[in-house]
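Lettered A, B, C, D and E in written order, each chain numbered from 1.
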């Protein structure tokens, strides 16, 4: 099989890292969480993932070009992070997953954490977990609810499928989100669960504040809508 | 020819197995039957089939990730099973069939049984059989009706085509189904025929009960519809 | 160039055969004729042609699986026959033609006869012929009308094009058909011409009878239509 | 880069030929001109160009099969001609141009003349010329008008682009045509210019007569239209 | 990965050049600027970029054929320029960017300047800059405004992404434009910024005059529109 994805990276300096993968999906839960890691821990990109099928778009941060799928590392926290600004179309998901899982082996990663959101349309912010082997559920079951039955679609799912195929230990952590809006509160819950599982201590206050602002806006909008039907819905800020 | 399908599997421990292939199709007959094998015989996946063109989706069972096309084995019953949660688009059928039949040779399989459904729109639950050679019909003709004339489309058909091309003994077993709803009763009939052909003794009571529940729902719906035209049809549970 | 067609065949035992190619087209003329060869001469398939782009469908004949494009031989009559149940999409025509003409050379074939139909919308059943070289027209001009000007499209045409390119002697025999319905009478005329050209003696009575049945049905339908406008047209049996 | 075009040809016997390329385009100007060369000089095809992406269609001329893109030569006039019956879709243009220009080098061609039409919607029949280098314009500027600014699209343009890339001397000769109908008068003008540039003496009387017949038909149609609005326009004969 | 883009060029004679890339985009700002370099400095093409996916179209300049993507050099000014007449579809952007950045290394380029436009819908003509590394911003920050946050899409963006991936120093210079019309004034501002950054002295008077003509036309049109609603908008000249 010809693979059309390539990982280009400077030497990874974290030994036996956990590899976190984050691609835009429902509620942008994973994306907001990984963007928070980058900002909060002041991480710098050490590599990129390239593919013919990614959209040709460069992001700018303080005037510096950021390719759409970037790789970060934190020696202190012992992780390597793949963060994507752009969603990955199904045609590319297998290709990219296969490349990522193979590379995880090459850098000696001990776990892959695929982080994303899951929509329940309930107003809760639980975190659900699943894993590629029963034994791995032991590592997370005290900190998240096990996602017993269902499906994980998109690249988050195909990374896990590839982990099963290659017998690489993979874990999914899914932040519950109530709807289709960017959901920093779900991202905060996700990070809190990761703090427990991985013995981290990443502060999520900024995300909580952001959530409160969005929720206040939503609240106001709902009140206006009640007073005046047909009101046009204000665009909420989009992450990523 | 470049093939885009790959079989990744731990050592198969069944000698001269029969290889059963099951992909979602009409009435989900084959899929319900093979899912029943997995649950009833408590089988564990020993491998997967991967392809760039399969949809990127992972299923969860008790929190454990299941890739969409999985391989199981039963040493006791002497079979290897390829079970797919997802339908296979025509563009991929040839590729996958070719890979499967070649692999059947590599693991020393003595027969391929392609199981599926066939719609007759009669309210019967016969099981029809066809084979890649006249001599093979002898093995099944006392337990199923021979499917004399017609076509088998989709991957169930292309696996048989590939068996003919490579002179691999292939048999189709098709459970008759009356419509387009998931049909556990047809799956039960199919398994009963397999029990006879392969000298198995797989219990199908659970499927019969499931069928009775569905049929009772259907009956009730039909009565309601007669009483009140325009009633909205309740969604029936979907398998697989 | 990467070719995606493959011919898989047991040893051909006919020396210097003529190779007949038959794919579904207008009036199914070629297909009815070659199906008649198979039934009348009781031929058994000795091989298949495979391609990723053929539809995934298996036909059944007396319970035995028939892949869509099959190869037959008749040692008595000195021919090898490629018969297809399915039409070939333009995207695949070149690939398949190239593979067929190359294979014709490998089995030492002395001629390729591409048989098909040609629509004139006249109520005649002439047979038209064309060839890849002027000298070849000599072989057929007493038994068919030369098809002076026009085009042959689809794989019947691309096989001839490939014959020209590779200097392989190719002949087209086209049974005239009056419309778009399956036309066994045109197929019978085509076979009669082949009988003359190739000194065969294949009986076409069954085809004539079939034609009479269809024509009687058509006649009746036409009368009904005259009596009662708006009558719904009965489906005619489809070959292949 | 994988090229999907192939030139299959018997030995070219013209030394240092000019290579003329002609593909159907506006007014069929180039195609009518090159078809006229073939008929007037009684040329026989010595090769073909094949591609997966050409439509599967064979033309017939006096019962003999003609593949869609053919190669002719005239030892007397010192040229090799590529004549296509079918238009070439943009997806194939680069591939075919690249193959043609490379082949031009292999046969020692000294010039490529890409002939085609150009629509001005004026009722003139000028011939326009362009070239891949300023010095080449010297060779044609006394016999044609230089096409100063504009674009040449389709394979006529991409052959010239490829000539520039490979530093192969290429010249475009474009017969002016007034509209979208086949235009033998424009083809005649084009040939007259080629007669001058290449010191040929090809008679164009037949084309002029054909033009007069078409123009008389057009005239009559115009008169009828003036007399009776809504008259249905008669189909004009199509070349190629 | 198979790349479908090829750079064909005569020896580049500029040592350690800056490489400027210019593809049509918003306001045609980059294209007008690079076309101005070619005319003002009287540059001659020394090479082309070819790809299967570029449209088959040749431009003419004074009767001489110009392929759509051309390479120029100026020994005096120390630059190499890639100028495209045609926009590049997203499917080709990665391929072309990768080829360009690799080639930039081969010719010993010290910087890539990707020039383009940026729409702000304000009536200003600022020039914005971004770079692949913070240190590079130092080189431009006194002459342009840093484009802090946002995205650069199309090939202009994917060239920068590829620069990041391959650690090649890349700079984006984006001329602000108020709308979707060709904007020579924005191109002039862009060139003035380049004059400062690169210590050039390219005259932009012609562009300013062109801008004044277009602006006068726009002004007149606006007045007419105010006087007479529903006036049909005159087509403005299109560059490139």
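The rule is simple: a residue touches a chain if its C-beta (ideal position, glycine included) is under 8 Å from a C-beta of that chain, and two chains touch if they have at least 3 such contacts.
Please read all numbers here as calculations on a predicted model, not as lab measurements.
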item: Shortest contact path, subunit B to subunit D, counted in steps; value: 2
item: If a chain touches subunit A and subunit C alike, it appears here; value: B
item: Copies subunit A and subunit D - rotation angle from C-alpha fit, nearest 5 degrees; value: 145
item: Proportion of interface numbers common to subunit C and subunit D (over half same, under half different); value: different
item: Separation of mean Cα positions, subunit C and subunit B [Å, integer]; value: 36
item: Inter-centroid spacing, subunit E versus subunit C (mean Cα positions, whole Å); value: 58
item: Touching two or more other chains - residue numbers and ranges from subunit D; value: 2
item: Topology of the chain contact graph, where touching chains are joined (line, ring, star, complete, other); value: ring
item: Residues of subunit D that touch subunit C when the two form their complex; value: 2, 4, 6, 8, 45, 48, 50-52, 54-68
item: Touch list for subunit C against partner subunit D, complex; value: 1-2, 90-91, 93-95, 97-98, 129-134, 137, 146-155, 157-158, 160-166, 170, 172
